[in-house]
Amino acid sequence: MKAVVKVGGFAFPGRGEDLVSDYVKMFRERVGEDHILVVAGGGEIARLYIKAARKMGVPESLCDHIGILVSRLNARLLVDGLSEYAFPEIPVNIDELKHYFSSGKIVAMGGLTPGHSTNAVAAIAAETIDADLFINATDVEGVYTSDPSKDKTAQKLDEVSVGRLGEILSKVEISAGAYELMDPLALRIIQRSEIPTVILDGRSTSNVVKALQGGKVGTRLTHG
Amino acid sequence: MKAVVKVGGFAFPGRGEDLVSDYVKMFRERVGEDHILVVAGGGEIARLYIKAARKMGVPESLCDHIGILVSRLNARLLVDGLSEYAFPEIPVNIDELKHYFSSGKIVAMGGLTPGHSTNAVAAIAAETIDADLFINATDVEGVYTSDPSKDKTAQKLDEVSVGRLGEILSKVEISAGAYELMDPLALRIIQRSEIPTVILDGRSTSNVVKALQGGKVGTRLTHG
Amino acid sequence: MKAVVKVGGFAFPGRGEDLVSDYVKMFRERVGEDHILVVAGGGEIARLYIKAARKMGVPESLCDHIGILVSRLNARLLVDGLSEYAFPEIPVNIDELKHYFSSGKIVAMGGLTPGHSTNAVAAIAAETIDADLFINATDVEGVYTSDPSKDKTAQKLDEVSVGRLGEILSKVEISAGAYELMDPLALRIIQRSEIPTVILDGRSTSNVVKALQGGKVGTRLTHG
Amino acid sequence: MKAVVKVGGFAFPGRGEDLVSDYVKMFRERVGEDHILVVAGGGEIARLYIKAARKMGVPESLCDHIGILVSRLNARLLVDGLSEYAFPEIPVNIDELKHYFSSGKIVAMGGLTPGHSTNAVAAIAAETIDADLFINATDVEGVYTSDPSKDKTAQKLDEVSVGRLGEILSKVEISAGAYELMDPLALRIIQRSEIPTVILDGRSTSNVVKALQGGKVGTRLTHG
Amino acid sequence: MKAVVKVGGFAFPGRGEDLVSDYVKMFRERVGEDHILVVAGGGEIARLYIKAARKMGVPESLCDHIGILVSRLNARLLVDGLSEYAFPEIPVNIDELKHYFSSGKIVAMGGLTPGHSTNAVAAIAAETIDADLFINATDVEGVYTSDPSKDKTAQKLDEVSVGRLGEILSKVEISAGAYELMDPLALRIIQRSEIPTVILDGRSTSNVVKALQGGKVGTRLTHG
Amino acid sequence: MKAVVKVGGFAFPGRGEDLVSDYVKMFRERVGEDHILVVAGGGEIARLYIKAARKMGVPESLCDHIGILVSRLNARLLVDGLSEYAFPEIPVNIDELKHYFSSGKIVAMGGLTPGHSTNAVAAIAAETIDADLFINATDVEGVYTSDPSKDKTAQKLDEVSVGRLGEILSKVEISAGAYELMDPLALRIIQRSEIPTVILDGRSTSNVVKALQGGKVGTRLTHG
C-alpha cells in the first residue's frame, strides 16, 4: 500500500545514530509490499542550530527554515542508506514530491516551508499521493488523555477522533522545533481529506511494520 | 517603513481588472516612503480552476497548489505593471524572498505551499523581513463580532486581540480557496512574533495608504 | 504512436470547464495506444490578464509571457486531472520536455518563450520527439480558403500544402494572445521537418481520437 | 541609453578570437554612457557541432539547441572578459533577463529556444527592456537590395522599411545555424513594437560605437 | 556491468568529428550488456576558448569553468546522438548524477567544478555509482614509464600501482585544460575506494569494448 | 580589501556555539573595511552524520556530499546571524558565487563538490573573486614543522613556501571529513595563482582581524 511515514528527529544523529539504520533496513524490507514516502523530522541537531540562531536574534521563520534544512539532512541520510531503493533527490516542493514518488522508489524528504511542522508536511504529502495510511512515528507510545510527563493519571488512547486530539493538543505553544505529535495544520489536513492516520511509538521499527501490516498499534485517528 | 501588504484576490482579473492598476499606481507612489512586499491572493480565477479540478477528483493539496499558481499569476501582473519599481522575479521560497527583498525593490509574490492560505504566507513574510506593519487588504471593512453577511447585529471592531480573532474565526471550514480574513496558521505566526497587523477594506487603495501613514483604519490586532 | 496534441485555450476554464475533463478522459483512454504530449493554449483567461497588462503599458513580450503562464496553468489542470497517467512536472525548456517524455507518461506543457504561439511550441515539440502526428485541435472545423467568419464563400479544405496555408494566414497580425491556427514559425518548423500535421475541430474530443486512429478529419497538411 | 547589441558568431572563437576582446574593451568603455544587453550568436563552433549532430540524425530542434548552447558559451566569454562590468550569470529565460538587467550591469546572453535565431532573441530582449536602440552587428556592411555575394548589382541601403526587408529576406531557408541578418520572427517583433533598429558591419567595433552615439552607419530600419 | 567511461576531448568536434559517432554507435551496442556513464572531456574547443579567455586576463578558476561548459557541450552531442538510449539531461551535481543514472539509461556529463579535471569527475562518478570499472579513454596507448613524446626509452606498462602512477605524473603542471591522464585528485579518489581502473587508447572504440568485456588492454591500475 | 575567510567547523554548533556569534559580530564590524566571502567547514556535526553514513556502507563521495550539506548549514547560520549584511542565498556553484558576491554583501558558503575539502573551495573562491587575501582560520596556531600533537619538537612557522607545506602535509590520508589545514588541491590552486594566504588560529576572531589589517599572525604562505 501507499504509506507516508513521518519519522521523528529522535531517529537521527544527535540521538538516534543506530535507529536510523534500523529504519533503513526496515524500509528496504518493505519494498515490494509498500510504496513508502518518508518525512524526516529535525530533532536534536535542529534544536542545537535553532538555539544558536535564536541567541543571535534570528526571526522565528528563519529558525524554522534552519530546522527544515536539518530535516532534509536527515532525509539525505535515509536516501544514502537506502541506496538504489530510494529516489536520489529530495523533494522541496509539491511538484517534485509527485515527480519523485511516481518513479516507484522510496522518497525521503524533510520540511517545506516555515510556519508549520514536518507533521503537517507529512499530512500534505499523504493527501497529495492519496496515501492509504499516514503513520506518525514518534517517541511516545501514542496519544494520551493529557501530557503523561506531567499528569500521572494520563491514559493512552487506542483511538481518538481528530476533533478531540485537537482539543488535547490545543495548549501546545508554537515555536520552531517545539511542535508535538501533530500541529493544528496537520490535523486540519487529516480532517479535510479523512486521511487514515496512526500515531505510534517509532523508537522500535517493529511498530511501524505492524501498522503497515494492518495491526493494532499506537493510537488510530477516527473521522466523523 | 517595511510593510507587507496582502492584497486579496478581489483586486485581480476576474473581478478587479481596474483595481489592480490602482494598486500598481499606489505602490509606485509609496516608493521612497515604504519598502513594500506584496502578497497576492488567488480570487475568482483560482476558484474557477479549483472548481474544475475538484470535478475531476483532484486531491485538496493539489487544488491548493493550483490556487498558488493563480496567486503567482496575479503577482506577475503586479510585477509587470510596476515595471522598474518591482523586482522582476517572484519568490517561491524563503531564501528567494529574502534575496529579492534585499534588492531594495518592491517584491510581489503569491502562495508557497499547499495547506495554508496566502494570509499565512504574508504573515511568514512579515516575520522573515521583520516588517514594521502587516496590512491585510480584504474585501470587507474589517473584523466583525460575527459574520456580517449572516448576522445583522454584527459590529465592526477597531481593535481585536489575536486570541479573540481566533475564536471569531474558529468556525470557518478549511478548503482550498475558501480561507477568510486570517487562517489559524497566520494567527499563530502573528502571535508568536507579535507582528503589528491591520485588517482593512482594500477595495479602495486609500485605506492602505492611510494605514501605511499610521492612520486609524480597519481593525488593528492587539497583542498581550 | 507518438503524437503531439495542441489543445486550444477554448478547452480550458473561462470557456471550456467541461471540455477539459473530456480531454482528460480521452487522453486516459488512449494510454497504451498512443504516447501523447499535450500543449495547452492560453484562451480566455490569458486574454483577460493580457488585457489588464496592456492597459498598464506592459511591453508585448511580457504580455506574451503572461499568456505563457496561463497556458502552463491550463497544462497543470490536465496534469492534475490525468493523475498517475501524466508526468507530474511541466516542462519549461527542451531538455525537460525530452526528460519528462522519456518517462513514457503523458506530458502536458504550455508556452516556452515570448514571441511565438503555443502552436509553434507544439511544432517544436513534435520535431523534438520525432512525433508521428501533430494534431492542432482548434475551435474551427479546419482550414478554410479564407476567413469563414468574414467570407461566406470560404470553403473548408481537406488538404492544404504548408506553402498555401502560409499564404492564407499571411494577413494575420501578430500580437500576444491573438495567434490563429498556425503562426509563421509553426509553419516553418512543420515545413523543415515535414511533420505530419492535422488541423481539426477540437470542440469534440472524438475528432482527435479519429485523427489518432488514422481517420480523415479536419484539414491535413501536405508537404512538397 | 538602453541598447541591445546582437554580436554575430563571427566575433567569437573559431573565427574572431581577437574581435571578442575588442568588443569587451568597447563595452567597458561605454559603461556610464549606455546600459547594454549583448546577445551573442553561435558562429563557426555552432556550425561545427551542428554538422556533427546532423550526421548522426539529430532532429533540427535539437540542432538548434546545440547552437543555443554554443551561443551561451560565447556569452560566457564576454561575461568573463567584462569581469565586474558584467552580471555574472547568463539569462536563459525572460524573468532572468529582466532580473539581471535590473542590476544595472552589462548582461550577456545567447539563444533561448529552438526554432528561432539569436536575432529574434535580441528583438525580444529589446522589446522586454524597452530598449532605445537595437543594433544587429553582422559581418556584412548592412542590408543590400539583394544578396551581394551573388548579385553584383546589389546596392547597400541606408534605410529600409521592415516590410521591404522582409521581402528581401523571404527567400532565406530556415535551418539550424543558417539564419541571416534577421529571421521573420525578429522582423515581426521589431514591427509590432516599432523598435529602433540598425543593421551594421560589426567586424569593427567602431561602427557599433558610432550607432550608440547616434551616428549614421549601416542600414536603419524604418517603421510605418 | 556498471562502467564509467571518460572520453577525452580528442573524440569531439575540433578534432574528432567522426570519432564521436563511433562512440555513439558503440555505446548503443553495449546497451543490455553494460550500464554506462560517460564523462566527456573538453579538448580542442575548450583550449580555444580558454586561450581567448586567458588573453583577456580571466582568472584560472573561470578558465576551468569555460572548459567545463565545453565538456558539457560535448556531452550534449553524445546525448543527442544516443537519442532514446541516453537520459536527456546532463547532470551538473552529484544528486542529479545519481538521479539520472537511476533511470537505467546511459548518462553523459562533463565537468563539475573548477580546480580539477574531468578525470577526477569520472573517478567521483565511479565512486558514487559504485562502478565495476572506470575506463579512461585517452589519446595515448596507456601509461608509460615516462613521457613517450620526450623520452624514447619510455615503456608502456600493462599494470601500474596507483602510487607509482602518482609519482610518474607528479611533474605535470596544473593549469586549465592541460591535465593529462589522471590528475592527483582522480588518483586519490581511485585509491581511497580502490576503483578498478583501466587507462587505454580511446582513439579506437574497440579498445573500450575490449575493456568492457574484461579483455587485457591499455594499462590497468593496481591497488595495495 | 577583498578577502576569503575559511572558518573551520570548530566554530559551529557541536563545538563552537558561542564562537559562531563572535564571527558574526566581527564580520559585521568589518563591513566598510573589507568585502568578505566566508567558507564554512563541516566540523563535528559533519563527522557525526558521516559516521552514521559510513556504518551503512555509503560510498565516500556521498559521505563527502553529506559533509558539504552540513557546511552549508553552517554557512546558513552565518547568513541568518549577519542578517542584512549578508547575501541571503548560499552559492552552490561558481556562477552563483560571482553573482552573489557582486552584490557587495558578505557571502557565506559551504562545500561544492565531493572529492575535495572546503579549503580547496575557499582557494577556488579566492581565485575566482581575485581576493587580496585568503585566511584559513583553523583550530591550531599555524603550520608546524610536523604534527604538534604527535611530535613535541614541532615548531610553528611564521612563513612557509607552498611547496614545503605540501611536503609537510603529504602524509595526510584522504577521507571525508578528515582533511587538515590544506588539502593538495587547495595548495595547487594557491600555487597556480599565487594567492596571498595566511593560516592562523581562528579560535579567537581577533587573529582574523589582525590578518585583515595586515598584521603578522599565524603562518604566511610564500610563493616562488
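Order of writing sets the chain letters: A, B, C, D, E and F. Residues in each chain are counted from 1.
In this text, a contact is a pair of C-beta atoms (placed from the backbone, for glycine too) under 8 Å apart; a residue touches a chain by one contact, two chains touch by 3 or more.
Remember, predicted model here, so these are calculated numbers, not experimental data.
Novice: Return the chains common to the contact lists of chain B and chain E.
Specialist: Chains in contact with chain B as well as chain E: A, C, D, F.
Novice: Answer with same or different: of all residue numbers used at the interface between chain C and chain D, are over half used by both copies?
Specialist: Shared-number fraction above one half, so same.
Novice: Using mean CA coordinates as chain centres, what's the chain C-chain F distance in Å?
Specialist: Centres of chain C and chain F (C-alpha means) sit 53 Å apart.
Novice: Averaged over CA atoms, how far is the centre of chain A from the centre of chain E? Could you give it in whole Å?
Specialist: 43
Novice: How big is the gap, in whole Å, between where the Cα atoms of chain E centre and where those of chain F centre?
Specialist: So the centre of chain E lies 30 Å away from the centre of chain F.
Novice: Which residue numbers or ranges of chain D touch two or more of the other chains?
Specialist: In chain D, 62, 65, 95 touch at least two other chains.
Novice: Every pair of chains that touch: which are they?
Specialist: All touching pairs, sorted by chain label, are A-B, A-C, A-E, A-F, B-C, B-D, B-F, C-D, C-E, D-E, D-F, E-F.
Novice: Which bits of chain C are touching chain D when the two form their complex?
Specialist: 59-62, 65, 92-95, 112-116, 120, 123-124, 127-128, 130, 174-175, 184-185, 188-189, 191-193
Novice: Okay, in this complex, where on chain E does chain A touch?
Specialist: Per the touch definition, chain E meets chain A at residues 95-96, 98-99, 102.
Novice: Which bits of chain D are touching chain E when the two form their complex?
Specialist: 13-14, 17, 20-21, 24, 45, 48-49, 51-53, 55-58, 62, 65-66, 69-70, 72-73, 76-77, 80-81, 83
Novice: Considering the complex alone, what residue numbers of chain B touch chain D?
Specialist: Listed in rising order, the residues are 84, 87-90, 103, 105.
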